[in-house]
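In the part that follows, the structures are each spelled out as structure tokens.
Both of the next two complexes hold subunit A, though its partner changes from subunit B to subunit C.
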Partner chain A sequence: MAHDTPEKIRSHAEHEYLKKKRSTEMRHQLTSFAIMIFLTLIAFTMVAAGFSAYLIVPIILLLAAVQVVLQLYHFMHLSNKGHGTVAFFMFSGMFVAFITVLALVTIVWW
Partner chain B sequence: MDLNKRYTAQSWPDHPETATLEGKNKFVGFWLLLAAETVTFASLFATYLALKDRGPDASEFTAAGLFELPLVFAMTMILLTSSLTSVYAMHHMKNHNFKAMQAWLGITVLLGLTFLGLEIYEFNHYVHLGFGFTTSAFSSAFFTLVGTHGAHVLFGLSWFIALMVRNSKRGLNMYNAPKFYLAALYWHFIDVVWVFIFTVVYLMGVIG
Partner chain C sequence: MSSLAQKKGFGAVIWDYLTTVDHKKIAILYLISGGFFFLVGGLEAMMIRIQLMKAGNDFLSAGLYNEIITMHGTTMIFLAAMPLLLAFMNAVMPLQIGARDVAFPFLNSLGFWLFFFGGIFLNLSWFMGGAPDAGWTNYASLALASEGHGIDFYSLGLTISGFGTLIAGINFLVTIINMRAPGMTYMRMPLFTWTTFVASALILLAFPPLTIGLFFMVFDRLFGANFFAVNMGGNTIIWEHLFWIFGHPEVYILILPAFGIFSEIFAIFSRKRLFGYTALVFATILIGFYGFMVWAHHMFTVGLGPTANAVFALATMIIAVPTGIKIFNWLLTIWGGSISFTVPMVYAVAFIPSFVAGGVTGVMQAMAPLDYQLHDSYFIVAHFHYVIVGGVVLGILAGTHLYWPKMFGTMLSEKLGMITFWFFFIGFHLTFFIQHFLGLMGMPRRVYTFGADQGWDLFNMISSVGALFMAIGVLVLLVNVVLTTVKNVRVGNDPWGDGRTLEWAIPSPPPFYNFAQTPLVRGLDTYWIEKMEGNKEGMVYAEPLGDVHMPNGSIIPLIMSFGMFVAAFGALYFLDDTKPWALAVLIIGLGITFGSMLVRSLKDDLGFHITKEELIEDAKRGGNTDGLK
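On to the complex of A and B.
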């Protein structure tokens, strides 16, 4: 019962359109991947170059955040339609995660 | 439902992972799990940050002295690439191309195994240097955080392999499409956690 789904056969034109749309999406995914690699390279290069820690730490944390947003929104499709509830779950989880790290680090190091 | 109902590329739904009620339930439940996992890893990260470079006074091991970037860089690139190959696998899943999906999943598994092998090599290297799980508060926090991530990699690999073997003769259907989709989501999540591990543990560790 739970598996029943009305079967819909697409017309040839519709099928071709979807296929094309998917390859466009795949190209966008490749672009995100290139950006992720680039951000990783910047982070490692900065550390290897030996800049001041006060300069490096905020920048590499920011690069990590950007990379995670790319993963979540592109690779994991969080921005797609029908992801409202799960995005709410995920952001709640990230909020609690942030509070946890902030609270523990503050208690220990302040 | 007939598990063996055959689909063609033209009758395959646009979003097979959420086309059935079971698929929808799995999708929502799995994201809830990922949100909970985020909190789990946050507590491990917080513990690590609190105990970094701490321990018995005699302990000569610090993050800055221990970690080596070339190995971590290689592991990062491998895991990041495996995230892309699983995107390719899901691209073919949506196009109802079972063979291509299996092939890309196979590449993902190989990359994941390489990553795991490098991690085992790294841990083994540390233990031989005298930096074991019980050496210091720092070592316990480090092995727990990075080891938990490694355990996730191992679980993700087992999941992929189990799905690939179990469904090798079935082909894609409404029953296993959500399973493949969720395994790929899990794999991306593992990469998300690794981004923070290489930044917070290794890069910030080397800086000191």
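On to the complex of A and C.
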């Protein structure tokens, strides 16, 4: 039966490989976590420093976009193998939604 | 008891269809109910043509005429064309990719029943105080001013059936991404599977705007909100945008599967590999993308300003490019082929000039300045009937003939099929070609009559005669279906003799588990490759014969959808002072729906296994058990 998953005993080499892979993954996650905290700090500092809203709003939106990408790739494992279709659908969906909303908003309220 | 054991009473068959989760039976349900609504919509079309047969006719009153044109459009698009295409997608797509069923059989059934109850709800408006009368586009200024409950039937009915379609679309996406047989790479998928895939993606992205629009409409009309009410600070144009952000992709949702059916037909009956398969695939994807960027071309005369009009005019013209690529690829597929003019092939050949005519008038309307002249005239009516009837309906009729043996195991009569074709084809051009000129002469659409001094009498008469021809064609098709079913001459795996894809490698109709062993796909047109290499079995297998895991049937989808149906009545009468029970009905209906969801969540249903021995036994009997228990 294809549904049965047999118990597997890992060899020493496999074990070492997995250990190494996991520690790199952990390092990536911690790095991106640090970056995200840093980005959030920038956002808060900008507001606290009292810059013009026309400067703050676009920069915060940009930072948000970066955070979303970091979140998707490092915490939600979009970078892992076999996620190509998911990524394609997400980005084409975002693209379509962005164009549509942008066009709608500019036509109706500009 | 063996899971393949059969006992066939009439009641058992009905119960089997009410509870089925088998994609092939759901396809038959879609075909029957879509066909029924097609007849209803056709009847409405006949009434429109009788009314417009002569100047100053009083066959229908102005108000009733508005209701009939609204219901004709809504029924044909949402309740006839889409379900009929979903029928073919359900029947054929899982077979083409070598899957035993769709990814979520339960959801497949739920999608069908939601569509069915939504459609019934919408049509009950005829008997419960009047149908919707604001046109199939239901523009908000008209809709909010409409008396009675017609518009509420429209918005609630389409909300329910829209859920169903969305569920079906997601289901097909997951199925195609995850359940392809080993070796079936994306670029080996048959073109009908590809168009199903892209159409499903369009459903996924296009239905949410409609749902939002309908939601706003329901709240405006039934719960006193003001999204579209201009005098309260709302914006009536937003409805038009939301509707067409959905509506334009919607027409591609309709035409792409029809393109897929025609692609299969051209390859099968020209006995050639599709010319430019890769180009066809990318053209399909491009059409899907562009489909979202052109919606405002339905609104050139709203007053969006020259910039918006220019952008959308250009975007619209670009769509002609991938469509043109497709047309030339089909022509080159036929070129030099060993052609057999069977009924499906005749439909496919007739489709090319008909659809191109509709496409050309489409590009004419894409020019915003010209559109100011053509807008709301019969030219528009002629255009969209050329693409919808000349593309989608011809595709559905061709698909009916092509896939009938695969769905029912019998061949529709070729002779009666030809009669249907000629009546329908001649009638179609007779009805709609002349409407281009009526439009250019200034006849407006959606107006219930015209004066004798306007010079439109003869052309309208000709148009009505054409409609009669189409009706005769459809009646002959019905006779054909009845005769074929009564004669019941069974056919083998590949009744057309030239099948290329996996569905033709298995019995007609296939056993309820489709493939006893999952096939191994070795290239585009799998079955053709095996045939050419002299493989008598028609496939090579990717796994040894073993137990097959199957889902259990369930009545829950029907009950869940029925709950929505009941709740919709509650919402419909919510504001009526004379009906204090409305709130209770709303709550009871939602209670039924959520209760059945709860039952579904709490009750484990692990399905059942067909054992290897049963599969071997079934293969000896011809291997087409329908799984009726």
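Some observations on this one:
Everything that follows uses one rule, which is that the second predicted complex is superposed on the first by the 100 of 110 C-alpha atoms of A that agree within 3 Å, B and C clash if a C-alpha of one lies under 4 Å from a C-alpha of the other, contacts with A are read in each partner's own complex, and residues count from 1 in each chain.
Rule of thumb we're sticking to: a residue touches a chain if its C-beta (ideal position, glycine included) is under 8 Å from a C-beta of that chain, and two chains touch if they have at least 3 such contacts.
This one's a predicted model, so the numbers in the text were calculated from it and none came from an experiment.
Using the contact criterion defined above for the overlaid structures, shared-chain residue A:Ala64 touches subunit B, although it does not reach subunit C.
When the shared chain is aligned, subunit B and subunit C each come close enough to touch A:Leu104.
Applying the stated contact rule after C-alpha superposition, one finds that A:Phe44 touches subunit B and leaves subunit C untouched. Contacts of A:Met76 after superposition on the shared chain: subunit B is touched, whereas subunit C is not. Looking at the superposed arrangement, the partner reaching more residues of subunit A, out of subunit B and subunit C, is B.
On subunit A, the surface patch touched by subunit B in one complex and by subunit C in the other comprises residues 1-3, 85, 89, 92-93, 96-97, 100, 103-104, 108.
On the subunit A side of its complex with subunit B, the touching residues are 1-5, 7-10, 12, 15, 18-19, 22, 25-26, 29-30, 33, 36-37, 40, 43-44, 47-48, 53, 56-57, 60-61, 63-64, 67-68, 71-72, 75-76, 82, 85-86, 89-90, 92-94, 96-98, 100-101, 103-105, 108-109.
The part of subunit C that touches subunit A in the complex is made up of residues 177, 201, 204-205, 209, 235, 237-238, 241, 245, 289, 292-293, 296, 304-305, 308, 311, 543, 546-547, 549.
The touching residues of subunit B, when paired with subunit A in their complex, are 1, 8-11, 13-15, 18-22, 27-28, 31-32, 34-39, 41-43, 45-47, 49-50, 69, 73, 76-77, 80, 83-84, 87-88, 91, 94-95, 174-175, 185, 188-189, 191-192, 195-196, 198-200, 203-204, 206-208.
Against subunit C, in their complex, subunit A makes its touches with residues 1-3, 85, 89, 92-93, 96-97, 99-100, 103-104, 106-108.
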